[in-house]
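Next up, some structures in structure tokens.
In the two complexes below, chain A is the common chain; its partner is chain B in one and chain C in the other.
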Partner chain A sequence: MTSTIILSVLALSILGIILGLAIGLISKLFGVATDPKVDLVLELLPGANCGGCGKAGCADFARALVSGEASPGQCPVSSQEVMAQIAQVLGMALEAPDKKIAVVLCGGDIQQTKVKTLYNGVNDCISAMLVAGGPKSCAYGCLGMASCARACPFNAIEIINGLAVVHNELCVGCGVCVKTCPRNLIKLVPAEAKVHIYCSSPEKAALKMKVCNVPCIACRKCVKSGEEGQFTINGFRVEVNYDNYPGEDIVSKAGCPKNCLLTAAQHLEIERNEEAGEVVA
Partner chain B sequence: MTQESLLNVLELTVGAMLVYNFVLSRFLGICPFLGVSRRLDTALGMSAAVVFVMTISSAITATIYNLGLKKTFLINGTEVNLLFLKVLIFIAVIAALVQIVEVLLQKFSPPLYKALGIYLPLITTNCAVLGAAMLNSVNDRGIWESTVFSFFSALGFGLALVLFSSLRERLDLSAVPRPFQGMAIALITAGILAMAFVGFSGLC
Partner chain C sequence: MNEQAINKDLKIVSFKGGVHPQKDGKILSKKASIQTAPLLERYQVIVSQNIGAPPKVVVSAGDEVKKGQLLAEAAGFVSVPLHSPTSGKVEGLVDIPGPMGVMTQAISILADGKDEWTELPASIDWRNSDADTLKKRIMECGIVGMGGAAFPSHVKLSPPPDKKVDYMIINGAECEPYLTADHRVMLEEPEKVLEGAAILGRAAGVKNVVVAVEINKVDAINAMMEKAAQFNVGIVGMKVQYPQGAEKQLIYAVTRRKVPTGALPADVGCIVQNAGTAAAVAEAVNAGIPLIERVTTITGEPVVNPGNWRLRLGTPISEALKLCGGVKCEPGKLILGGPMMGFAQRSTGVSVMKNTSGILLLDKSDVTQYESSPCIRCGRCLEACPMNLQPSALSQLAEAGQYENALKYNVMDCIECGACAFACPAHRPLVQHIRRLKAEIRNRTKKEIKK
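On to the complex of A and B.
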């Protein structure tokens, strides 16, 4: 009995020493020197591996940061404090980019936009686009099949009423959804810009009004009530100029006749109410 | 080749891969099976890493088992056998081995390290890798037999992982009822896949 105990203690100790020595020796002999900064930076990064910086995950980005190929501002997810910390580790000054968030520029939910056909294929916007441009009669509107919501690594997009809506407090602006949307409805905008025109259709007003209750008909009420340069007119629709965006008071001042000039909060509230079955004037 | 040795070879290859599939029949390595099966490319990377580590670690643990653990020593007139330390020794050896392999890969084969690097630490204490070593010792296999068995077991693991990840990629595009979305439908799919693999039983 005692000899069993002694032998097992001996065997395990020797095994431990041999393995420890082997690992130590090999990492000493063959170890590739990695910059300790890489680990420090990697610890500071969010670790979601969202790819918003364009690199294959946070580890890759950390290496690029340390080698000077990238700057901390390229991470769209990290907060300003984290970026400042990373810049400190790297010993460089931080240029502060504006935080961006995504917005789906369409207000055509299933109550507002007519459905032209019954689609019962694969429940995915990209697939639906392949079948005669999807079930909605507006060829430029949100398909509402949640391709963007599934792509979002932060669960910031919700499909309400057959319309994708971004939750601003969850969105970090990584831009994955922008690439996913087959209709290019999603745009990265400054987080401070609260007012959007929820329509992306370039068609003429008469055609838009046939298929949707809330299109931008380019009446220019908003352009006139805002300051110069806050809106740009792009063919048959008006766009918010996100380099010089208007404040929230523009919504009440302009009084958009089609209710497509809204703040993000109002837009979310309207969709919520419609989902609950209340008719909003 | 005699019939018996042919049966043995069949058991070590087809048996290890299909009939007693590590994931779907023995329920080992479920964690990576569910964790890295969301996309086909990560599943392929993980499978390659498992094949690599499982084959090497089994060769080494089988050597330790056959040359050391199996033997009974006579000390002061009492028989001493260290077989009860099997799990402890195997896991220590496998963990150390993965560390060493990682360092060596980084030095000598950067492309391979880049492909497998993020998966290697994940399999350090994977139960499938330990399971292969344990099954080899329980069945008292020799070094060669153990290595072949582990290689084909790992291939079976890879097969299950690749099949499952393809299914999950297809599932992502399907309209799944809300209560089943995500992991729930993945587990149900895994169950059906396991039932399909039961069809191989009795093959050898």
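On to the complex of A and C.
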């Protein structure tokens, strides 16, 4: 009886030792060397897997960082301190990146832009586009069906008053929303640029004014009151030159007649008030 | 009711699945003979009326044109020319609301009231001419599929040389509810349809030519059966079931051949042409008349006198509705084509095109707005789907954005007939979901090709 117990304990122990050695040997022979840095970097990354860096998630990005294919600044989510820490782990100098945020360049909410048809289908911008080009009479305006808001991993886009508005404090500039918009209204801009022209329609002013109360009519008031090169004229609309953007004072200086040159804060406030039913003078 | 009896010799076929609405609305207009619309003061002919390359405009503002004169020439192989609906003066190019909801370019023609024909090409003795001559004439007369897709007919007649085609099917199913235009054409001009069918058969080098008609058009079937032998054309009856007239379903019903995924009818040896197209082909070959007018059903409960009208291309919908005495009550929806696959319009400024088979006004009570609810897994969409797909699963994949998975469920095979959405008791927007899947997948493939 006792011998059976001893025998089985012995047999199992010897088996264990042999298998352990085999595993050890195999991992030595066939093992893939992993850089311990990858794990260190991965721990520092936000782990949101938003894909804003262009890689398939944070783990992939960490691998790319360690192998030198990417630089820490490509992660749009990490703060400056975290980036500095990552740079330290990698033993490289940190190039100061520009933080970017998304902005929806349309001001045509449900009060300002006419609706041409009643749309009773799926509440999704891409689906709506497939039905006669969407219910909005402006063929370039925000449809307000929240395709971008649903795609945002950080809940930074809100539909206010039938218009997608980005909350700057929540936006990390990952750019996921940019791809979802079927009308290509969303742009990544420097976070420091506070003033935007909320219109993306390339139509002639007369046509725009028929369908919308707040279009850019390319009157160039802003161009004239700003410094050289702060705006670019693109056909029948003016765009902010985000390489040389104007300061917030341009809004009062220019006095945009159509109220589409606004700071992001003003834009948000207008939409909030309109939604609450207050008329903005 | 003195409905005619179905001929005993008629073979009756069908496909699997589909739906049939109890109230199909054909009763409104099926007894109304084809009437010719009076000459209007102005026609706005939409330039892009065919699938493929839009034709190139060859007239400019101020030009005098004759009826049937070339307005725009074909711009490539998959393209057809466009001709003037009447004689008069070209006012220039204007933007008018298009059938797809966006503005589109149209040639505005101010009629001079004389309605003078231009010099037409000579008649062709089709029984003794070769296929290429016939195809060339069909192309020059601007003939496209008049059932709805507006695909250039001469392209269909020219399958790749390695494909052996042995069946020409003339589609007289007219399975869409409300529409009766093809019905009236087959009833009133059976010889034209049959002759056109025979010409199309000769142009494609095919011996087996059949006209397939749903058996709710007994009078038209009988009218054609009397004359069919003279043109060596067969007549087949089909069960009244939507979408009997969809190309793949029609081919299966008539020949029992299944068109594989991504393949064309020519891959299984078939060519399908619409009955209205056949009539237009007969006119083009026998008299050289280009496609400048078509028979369109103007119907719906709100229309005072629903009927079938011969309308010229470029007739504004508002004018067409006036012909029928206007409307009794405020309609809920305006649709070009039939209620299942037609396109809802936002304006009556749209003009009649080569593929406008119907102008349909739906009553407000028929366009009730539904709230859609979650799938209850009843399986009615699976029974209704003529392509044997799983619309319920596809719509859930669309909601979850799972495009790769949708491909595994063969989403690209969907013909967007709408039978599933019609059958769904939860009022789920099944077709819209599937259309979105298809659009996204096409976008992605395009991007991959670019890479």
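In this text, the second predicted complex is superposed on the first by the 249 of 281 C-alpha atoms of A that agree within 3 Å, B and C clash if a C-alpha of one lies under 4 Å from a C-alpha of the other, contacts with A are read in each partner's own complex, and residues count from 1 in each chain.
To be clear about the criterion, a residue touches a chain if its C-beta (ideal position, glycine included) is under 8 Å from a C-beta of that chain, and two chains touch if they have at least 3 such contacts.
Please read all numbers here as calculations on a predicted model, not as lab measurements.
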* Using the touch criterion from the header, give the chain among chain B and chain C with more contacted residues in chain A. => B
* For A:233, decide between first (touching chain B), second (touching chain C), both and neither. => neither
* Can A:139 be said to touch chain B (first), chain C (second), both, or neither? -> second
* Who does A:116 touch here: chain B (first), chain C (second), both, or neither? -> second
* Can A:130 be said to touch chain B (first), chain C (second), both, or neither? -> second
* To do: Considering only the touch criterion stated at the top, classify A:31 as touching first (chain B), second (chain C), both, or neither.
  => first
* To do: Look at A:12 in the shared chain and tell me whether it touches chain B only, chain C only, both, or neither; answer first, second, both or neither.
  => first
* Kindly list the residues of chain A that each of chain B and chain C touches, one partner per complex. => 122, 124, 127
* Structure fact -> chain A partner, complex, touching residues on chain B are 73, 75-76, 78, 80-82, 84-85, 88-89, 92-93, 96, 99-100, 103-104, 106-108, 118, 172-175
* To do: Name, in rising order, each residue of chain A that touches chain B in their complex.
  => 1, 3-4, 7-8, 11-12, 15-16, 19-20, 22-23, 26-27, 30-32, 59, 122-124, 127, 150
* Name, in rising order, each residue of chain A that touches chain C in their complex. => 116-117, 120-122, 124, 126-127, 130-133, 139
* Contact footprint of chain A on chain C as seen in their complex -> 100-102, 343-344, 346, 369-370, 429, 432-433, 435-436, 439-440
